[in-house]
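Same chain, two partners: chain A is paired with chain B first, then with chain C.
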Partner chain A sequence: MLLYERFRDLVRTETPVALATVIDGPNVGAKLMVVREGTTETVEGSLGNPDLDRVAARDVAGELEAGRTGVRHYGPEGQATPEDLVDTPTVSVFIETFAPPPQMWIFGAVDFTAALGRVAKVLGYRVTVCDAREIFATKRRFPMADEVIVSWPAPMFERRGHTLGPRDAVCILTHDPKFDVPAIQGALATTVGYIGVMGSRKTHNKRLERLAEVGVSGARDLERIMSPIGLDLGGRTPEETAVAICAEIIARRTGHGATSLKNTSGSIHS
Partner chain B sequence: MLLYERFRDLVRTETPVALATVIDGPNVGAKLMVVREGTTETVEGSLGNPDLDRVAARDVAGELEAGRTGVRHYGPEGQATPEDLVDTPTVSVFIETFAPPPQMWIFGAVDFTAALGRVAKVLGYRVTVCDAREIFATKRRFPMADEVIVSWPAPMFERRGHTLGPRDAVCILTHDPKFDVPAIQGALATTVGYIGVMGSRKTHNKRLERLAEVGVSGARDLERIMSPIGLDLGGRTPEETAVAICAEIIARRTGHGATSLKNTSGSIHS
Partner chain C sequence: MREILDDIDRWRANGKKVAVARVVKIEGSGPRDPGAAMAVNEDGEVAGSVSGGCVEGAVVSEALAILAEQSPGRMVSFGYSDDEAFAVGLTCGGTIRLFIEPLAW
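Then we have the complex of A and B:
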C-alpha cells in the first residue's frame, strides 16, 4: 500500500520508474521498484530474497534505462540460469517500465539508415528518420521506423528538440554539409546524450571547418560530436556499421571502454 | 562471357563469390565480381569507373562476408551518398552473393538467447539455438531462430561441427558447466571463427578449472575462448548484451580494436 502511494506520486510527477512483480515461483505478487530521479537510482521493496533482489534490481534498472517491459526468469536466489538443467524451480518476474522509450533520430534516408533502424528497434528505441528529400524519406523504405519525416534539420529541432534528453541519440548519416551542419547545430542545442556523424576522416575534417564558420568550435561541443560515427569494428556492411554505432551509444552512455571483456578485469556490471 | 565461365567454375567448386551488376545509371549491365579463395579476395570485372569499382568492391566483399544479397546506391564515382541533395544521378548496383550465410550457434535457451538471435538475424546469420531442455528449446520461444534443436552439445558438434568455419560463431550462454564445458570442447575442435562464453568472472575462473580437468589448457585454445563474452559496453539488458557480443564478433573477425573511431586515426575501412 505504501509502495502504491509512492508509485502513484512518481507517475504523477512523470518520474521514470520500473516495477518488478513475481508472477511465478515463491512469493507471487512480491514487488520491487527502481526509481530514477535525475542521475540517482533507488531500489524499494523486495521480491523475497536479498540475492534475487540484487540481481533483479540490476536488470530492472536496465529495463528502465531502455524504457522496456518484459518477463525475466531467475533461480530462487537470482541465478541468471538455474545451475541444474532440470527440475529447478524458477522465479518469473514481470518488469513494467513507466517511462517513455528513448528516442533515436536518424538524419539521412540512406542505405545505412534501415540497418541502423533495425538494430535500434531491437534496443527499444523510438526511431524517427528525417530527410529533406521527399522521394527517399518514405515509410515504405523504412518500415521499421516509428516515424519518417520530410524536413530540413532546423525546423525539426525547433519543433521537437526539447523532447531529447540524455537517454536519446541523434545519428547524422547524410554526408552532406547542407544537411549535417544544421543537424549538428540543432543537436548541440539540446541535452541529447549521443550525437554521431557519419563520414570519412576527410569529410570529418572538412565538416569541422564548416562548423567553425558557423561558430561551433568549443572543446565541449566538439567533444560531444562522435565522428567518424561508431566503434572501430572494421565492419563493412550497413548492418555491421549499425552494430558499431549502437555499441558506441551504449558504451558512451555507461562510460565503459568497449574493449573485449576478456581483456579487462573487475565486475562486468560495475 | 569470360566472366560467366569463371563464375560457373567458382560456383561448381563452391567457392564463395559475389557478383555486382549495375541495374540503373550509366553502364547498365556492367559487372564486377569478388572471389574469396581461402583468405584471399580477388576483384574481377568493372562497373565502368575506377573510383566506383574501388568503393563497390569493398561493399561487395562485405556482402560476401555476410552472405547477403541486396541493392546499393552510389554517386557516379562511388560517393556513398551524392553530395547534392537533388538532381544527382545515382548508380544502383545489385549485389548477389553465392555463398552460404554465416552460422551462429547459440547454446542455452535463456533470456539472452532471443535478443542475440534478433541482432544476429539483422547481421545475416543463420541462427541455430541448442539446449538439452525440451521445454525451453522451442521454436515458439525463439521465432527468430532458423532452427531450434533439443540436444546436448557433444552430439551436435559430432553431427555438424564440420560445417563451421572462420565466418561462423558459437555463443555459449548456458552458465552451466555440464553444458558449457562440452560445448567449448566441441567448438575448439572446429575451425569456427568465434567462441564466446557468458558468465561472471567468478564463473569464468571456475570454468577454466573444469576445462583444465578435461585437458583444455593450451594457450592457443584459451586464446580462442572469448569469456566473459562481448565488448565491455556496460550494457545491462539482453539486447545491449546482444550488441556487445555481435560487436565483439565483428571486431575479432577484422582484427580491429573496437575503440571509438573518433579516438583513432587512419582510414575507417583499412
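Then we have the complex of A and C:
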C-alpha cells in the first residue's frame, strides 16, 4: 500500500495522524507520518536521513499531541538548535496534524480560570469553561475560552463526557462541594487523562470524606485525582498557579518527575 | 485535505495524475489556515480551495506545470507584501505560502 493510501484511510477513520513533508531543501516531497492508534504510536515513511527522521519524528509526535500544524526547520541531519543551523543548508518540514486539539474543561468561573484558560490556549487546548452561575459564566469574562457553558457538572458530563480522552484535562477550580463532587464523579467516569481539583490540603481532606460518602473511595479513582492541584512551584498569583497546573498536566502525560534537568541525567526527550 | 479525498480517489481510479497544493504558512491576514488544501488533476479539474478564491487560478497553472515537469514539488507564494510573490494579490493584503506537489507518495 502506498503511504498516501494508508494516510487517506487513517484520515477517513479519524485516527489521529500527523504528516510531515519536506517542502524545501534536500529530498523535497519526502514524507514521514506519526500515527496514534489507541495507545501505540508508530512512525512510517522517511524524510531521507535517519538522524533527521529521529529528530523530526519526535517533533511530529509533539505536534500531534498538541493538535498543531506548522513549519519547522532542521539541518540536513536533524540539527535543530540555532547554533547548529548557522551556515548549514536547512530542511524545511511542513507538519500537518489531523486530530482535534486536546480539550481542557475548567469548572468554576473564577480568577484562576481566566489565567488557566490563557496558559491552556498557549499549549494548544480547546478551552471550555463551565459554571452553573449565569452571571459569572460569561464569554466577556473569559474571552480566551473557546466556549463558556452555563451548566451543572452532571449534565455536562452526560452530554459530552464521551468526547474526553487521554489527551484531555478536566480542572475543577470551584472550591464548592455542590459543584466539585459531581464534577469529580463525572470526570472519573470518562477516560480523561488529567483530573485536577483546587483547594488547600484541609479542603482536600474534607473533599475526600464527601467523595467517600458518594462511593468514590477506590485506590484507582483516588490515584487519578490530582489534588491539591498543580506542581509545587511555590507560586502565588493565578498566572503562576496556572503554570503549575499546566506543568503538572505535562509531567503526568510524559511520566517525568518534574525536577530541574540540572539535577537529573539521561535523555531529555524520551 | 479530508474534504478532497473523494475527488482524489475518483481521479486516481481513472488513472489521472493529481497534484495537491497545501497552505503551509500565512503572513498577515489570510483567508485559510495552514493545512487548507486543493487538488488539481492533469485535466485541470479542481477540488477544494486554498484561499477565498483569489489565487486558485494561479495555483491550477502551477500545479499543471509541476505535473508536466515531473517536479517533486515546490513552494509558491502569493501576496502583495512580498517582492517574490506573484502579482495575483490577496484582497486581504497578507501573503500565503503554498507547497504544491504531485500525489506520488
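One rule holds for everything that comes next: the second predicted complex is superposed on the first by the 263 of 270 C-alpha atoms of A that agree within 3 Å, B and C clash if a C-alpha of one lies under 4 Å from a C-alpha of the other, contacts with A are read in each partner's own complex, and residues count from 1 in each chain.
Going forward, contacts are C-beta pairs under 8 Å (C-beta built on N, C-alpha and C of every residue); 3 or more make two chains touch, one makes a residue touch a chain.
It should be emphasised that the depicted structure is a prediction, and the values quoted were computed from it without experimental measurement.
When the two structures are aligned on the shared chain, A:32 is found in touch with neither chain B nor chain C. Once chain A of one complex is fitted onto chain A of the other, the partner contacts of A:187 are absent, as it touches neither chain B nor chain C. By the touch criterion defined above, A:137 lies against neither chain B nor chain C after alignment on the C-alpha atoms of chain A. Counting the residues of chain A that each partner touches, chain B and chain C differ, and the larger count belongs to B. When the two complexes are overlaid on their common chain A, residue A:11 makes contact with chain C while staying clear of chain B.
In the superposition on chain A, A:169 makes contact with neither chain B nor chain C.
Contacts of A:69 after superposition on the shared chain: chain C is touched, whereas chain B is not. In the superposed model, A:21 makes contact with chain C only, not with chain B. In the superposition on chain A, A:99 contacts neither chain B nor chain C. Put simply, chain B touches chain A in their complex at residues 58-59, 61-63, 65-66, 68, 72-73, 79-81, 83-86, 108, 110-111, 115, 118-119, 122-124, 132-133, 173-176, 178-179, 200-201, 225-237, 239-240, 242-244, 246-248, 250-262, 264-269.
Across the interface of their complex, chain A is touched by residues 1-2, 5, 8-9, 22, 24-25, 33-35, 72-75, 99, 101-105 of chain C. Chain A contributes residues 2-4, 8, 11-12, 21, 23-24, 28-29, 31, 69-71, 94, 96, 98 to its touches with chain C in the complex.
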